[in-house]
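Input: structures, listed below.
In what comes next, subunit A is part of two complexes: it sits with subunit B in the first one and with subunit C in the second one.
Right, the complex of A and B next:
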């Protein structure tokens, strides 16, 4: 045993896969310690807020500020509101409004804005200009008004008695606060999803659920596959025929279809994560049965098995002590593959809306499902779906890598 | 070399894993064929007849010139069944559809065109305004002498009367809907129609508003053509309704050009009577109107963004991204949130056949615990006024409907939502507490556990139901979600009784001349209880005698102050009994346009008063006459 383990841990592939898998697992179990709370809590009243740190605007007003003379701050502020594209678009509008092209210098901000203020009239509808474009100019003008307001901004609060606004604070364009000093702030490394939930927190919780589903389903599938395969292979005869018949039945009907039908039949209200795991396990055992059976057939006429038989050992004892150890390594590899397949199956099921019920636990598939439904992929909200893909890829990849490593250790034909 | 191979192998594995996961994505798309936008009326007709696919000799649908064709999206799902203005099962939503935005008059026409912006009625087949008689029991309408059928014969009052009689006789949706309110439609001379109301015990019209509604909703068919159909169907009502009507005579600006499972195309009738100076004075601008039949919303959205669809009727999350971030020439009727005119109020109904939901404390606790701001911001992505902007009642946010009741009198009954403390207190006070310590409260020894449902694939509804379910968690009530396919879902909730769903979403009436009376009735009238196949409302089977009285009183009340007090009382009943709770305000039809090819669509503040109803419904069709090619 010790020797086998040493052998296994000498395989670089296995070690690489193992490290990735353990690292993912560790993250999944350690992260919630630092960031506890309900992963399904809806934080933001906004769909797909982008990753970053959000500080309370309200609190930042009361935070002590310092004056900083950042070089180029004003230009940057203006550039943010008035890019070169905007300037060219302004020129285009002004030309259609009859301003001679030579008078417009897009690099001369002051002059450009002066002409714009004079000439721009939102009620004019230049011929052939789309509504979208006209609306763009309206938005641009509002933005410019804000950006060019280099005066102080006054924060006012309504008087409790009269309701009249009273000045509370003046803010200059050179005032800065340290984000650490602001009382309320939240860092969302992966932003929020369409429900305004913290994607990272949800992802960690979902990955745990998915791995749990993977393990339960993988173990169930392997147990069924192993016991039927052992029986069929060793006992043979009618038992073999019968098991093979059932196995073939399940093989010709695609397992995923059966899985869909069962999931649909159970109904959403009864589909907890465990139920889904069991369902996946019950539909994906067939190839384990077939391969275990063929391994056992090649083993059952070996001398030590025959000796055991002659010694009058019972069937379970022969199977457990004379056959199982020889295929154990294979079974472990099968288990790893089953886990990996089950994680993918859960993701696919949830994408179809047939995964675990949606209000209890997040799962990777459900996260993908909602991201798709709310067009995250077409609107460029990568944080809502890409990290999910990455986790699924990492977990499957590491499991498969471990499997390949084991294969090289145990399969004599592949041994270096 | 070996290392290179290993790297390749690793990369291959990664690619395969991605591919497997993505193939899951692809499968999802295939299954999602239901439109997000809940179709208001079309949904009642499930296609049963085999789709009609045929070609006229000169039709080559692939050769439609882009600059002469206006493409629609989000209206037609599945192949067209027929072109029959008397049938209910055409699945031909570009030709035959009536909803809160008014009837679609692309191919068949109504007497008047309804405009939900100001509730006005513009004459179409009619000539001038309609006239009430002194007792308000009958309406007289003149027919426009210029109005002609596609075969060149004039549209007469006889056609109107005969269509109404046939609708009644064969019992189609239009006939059944008008039967309780309209006693007769008679041609007093070839150009005059008199529509007489049924009378109540006091000798007044049962509901005069339904007569006005009739003017803008009933498609007029040609008497001669109806008689042809009757003859070939041996006067069998079912056969007449199911007739595909390939030979139909129509009066609208467009006729059938081509239809199969991929697309449906209409071609302009160059002899259309509406070019007469008494009507539009010109033909509608696009020569062809086409609707590609997409598999789902995602496919329609891609086509819309690519400029292959000009006018799109679908919910697009964060639609402002399309112009603010992607810079596409796409716009909506209003350039700021909520981007459209919200006249519908998708509502969660409580199943009052469930004993636990007969307890008003439970209903109220759930209703006030739901975070409506989250529904607005996250499910509707801000495309709806919030319940802070427009506090809840049975009325939609339009000024007209909001003016019908006394806001002060219902103020204490309205709730803004997300009131977890308040909800918990209501339940505690009612003695509904968690006795066995599992975190779920019990009522009469049974734990409070409900199923909240809406059709699968109707994304904004699904997200809303998720938020409703999340509210349950906060107040010790277990709410699980269920998303059945639309067909079984709709047939379940429209059944006489059902035990499957406890809290379930349905749309309400949108705008129409009978609102807000129609919506009050839709939300609460017990006349629908026990009716099998009830698509008319009150799906939770609530009943209240006083409300039934009010429903009788409101339509005939002429005194404005009394009317207001009736409506106020109805709102008070609705907000105190809480048989259902609206989750959002929503447009009747989403209306987004891509101006890559066509421009000149209606926009708010353009002074034209053309409603954003996809350039097809009610007075919205006027938009087709103002289009021009984009430059």
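Right, the complex of A and C next:
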């Protein structure tokens, strides 16, 4: 046993997979310690807020500010305000005013403004231009002037008695506050989802639930597969025929479809995470049965098994001490694969709207489902679905890597 | 021909048997659940009715109309009879559209998308796997982890990522649907071009997913065969390397063909979910809308059709296997 473990941990593939898996698992358990709270709590009223730090605008008014003169701050502000339509309109006017088209670069804000200041004259009336359009240019120029020579902004509060606005504070364009000083601020590293929940917190909780679903389903499937495989392989005869028949049947009839039928039958209200896990486990044991059966058949007539039989050992004892140790590695490998398939199965089921009920716990599949239902993928809200995919792929990759590593340890022919 | 007849006879009996069991499961599984479908319909139609006698009469009427008062076995054979005639009843959510109508408008899209994608993915995957096994150093080292990682990304995940890159960022492909939303299906050049444009992303996302898994399987098989005794013996005899490689890959292919027959159900399941991402007008999207609108007749018919499709394809692969496996071929000389 000790020797086998040492051998296993010498396989670089297994170790790499193991480290990734343990690292993911550790993160999932440690993160909630630093950031406790209900992962399903809705924080934002808007859906799909971008990742980043959000500070309270209200509180930042009261926060002590310092004056900073950052170079190019005004230009930056202007650049942000000046839309592409405005820039193109400016170019259009300048071209009609006789500036060569090659000189105007709409992406170079500073230069564009310089030419505009030199050339623009509200009194010129280019041919064919409507009054509305000419007024648009006038307004645009005023706006530009305002943005460049920034005035103060006055914060006013209404007087409780008269209702008149009274000046509370003046804010300059050079005032800065430290985000740490603002009383109310929240950092959302992955933004919020369609319900305005913190995606990262939700993701951590979802990944934990999904891995738990994987483990429950995997263990159930492996137990069923192991016992039927042992029975079929060791007892043989009619039992073998019957089990093999059922196994073949369920390999050909897609388990995914049976899963859909059962999940739909259970109904949305009764589908908890555990129920889904059990359902997945009950539909995915066929591969384990097959491989265990074929292993047991090859072991059945070995000398040590025959010796045990001659010594009058009972069936459970023979299976436990003479057969199981030889197929243990296969069973562990099958379990690892089952876990990763079960995580995927939950995700696929949830994408069809047949996952666990939505009010209790988030799962990776449900997060994916919500993101798709609210079309995060067509609007480019990557933070709502990409981290979920990454976790699914990472967990499944690490498990598969462990499996490949084990395969190479126990099947020397596969070694490079 | 006697060997073949026995092989195919066995396969056909097996096919019919699984088909029957599939019908049975499709019939029995939803009926094993505690929910009462008639009560479900009643809760919608009889809302606001206070006369209990009338409600009871309505309930009995529904039970009679659906044939629920007959014994289970009679219901089952009525179900099979109707299913064979292609009559799956009327959709709940798109009343009075026939379920057969909904399914038949979706099924061609699914077959047209998945059949070529799975075959192409299988071919490319096997080619890469064989290359990885043969070249070993370098090629194997890079390709192996990549294909392992690729095979771990779920099909719908690859679909979302491809959608993000090609449809949203690069804007070289349309975002959703099977054809332009402003078109009506016909055989004009614009329509065909639109279909081809919409086909690319779903197709390649399914291909890329199946490549990874197949490459890994083929690689293991090829390595196993390359180490087999007959290879060593042939080398010892001085048989040309290219000839040995030919034999090795032929032998390694056989388990891959069986593997395809066994895993085709899983692959189709994954690809169905990928369809949803692209709102491709196939069976996957039909299934999703059936689930969200609790349209039981459509869901049940979709699962049955998909099961039949999977059974037919694995049967076809079994038949092809019979022709290419020398052991089956040898059996006919017995």
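The rule is short, and it goes like this: the second predicted complex is superposed on the first by the 349 of 416 C-alpha atoms of A that agree within 3 Å, B and C clash if a C-alpha of one lies under 4 Å from a C-alpha of the other, contacts with A are read in each partner's own complex, and residues count from 1 in each chain.
We adopt the following convention: contacts are C-beta pairs under 8 Å (C-beta built on N, C-alpha and C of every residue); 3 or more make two chains touch, one makes a residue touch a chain.
No experiment lies behind these values; they were computed from the predicted model shown.
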Partner chain(s) touched by A:48 [first = subunit B, second = subunit C, both, neither]: first
Which superposed partner A:254 touches (first subunit B, second subunit C, both, neither): second
Which superposed partner A:119 touches (first subunit B, second subunit C, both, neither): neither
Subunit B versus subunit C as contact partner of A:392, first or second or both or neither: both
Which of subunit B and subunit C A:353 touches, first, second, both or neither: both
Which of subunit B and subunit C A:81 touches, first, second, both or neither: neither
Contacts of A:169 with subunit B and subunit C, given as first, second, both or neither: neither
First, second, both or neither for A:195, with subunit B first and subunit C second: first
First (subunit B), second (subunit C), both or neither touched by A:266: second
Subunit B and subunit C footprints on subunit A, overlapping residues: 267, 344, 347-348, 351-353, 368, 372, 378, 380, 389, 392-393, 396-397, 400-401
Subunit A - residues contacting subunit B, complex: 40, 42, 44-48, 127-128, 130-133, 135-136, 138-139, 194-196, 267-269, 344, 347-348, 351-353, 357-359, 365, 368-370, 372-375, 378-380, 389, 392-393, 396-397, 400-401
Touching residues (chain side subunit C, partner subunit A) in the complex: 14, 18, 21-22, 25-26, 29-30, 32-33, 35, 136, 140, 148-149, 151-154, 156-157, 160-161, 163-164, 167-168, 175-176, 216, 220, 223-224, 227, 262, 265-266, 268-270, 273, 276-277, 287-288, 291-292, 296, 299-300, 303, 306-307, 310-311, 314
Interfacial residue positions of subunit B with respect to subunit A in the complex: 10, 13-14, 17-18, 20-25, 27-29, 31, 298, 301-302, 305, 316-318, 321, 323-325, 328-331, 335, 371, 373-374, 376-378, 381, 451, 456, 459, 462-463, 466-467, 469-470, 473, 479-483, 593, 595, 599, 601, 603, 630-631
Residues of subunit A defined as touching subunit C within the complex: 248-249, 251-258, 260-262, 264-267, 340, 344, 347-348, 351-354, 368, 372, 377-378, 380, 382, 385-386, 389, 392-393, 396-397, 400-401, 404, 407, 413-414, 416
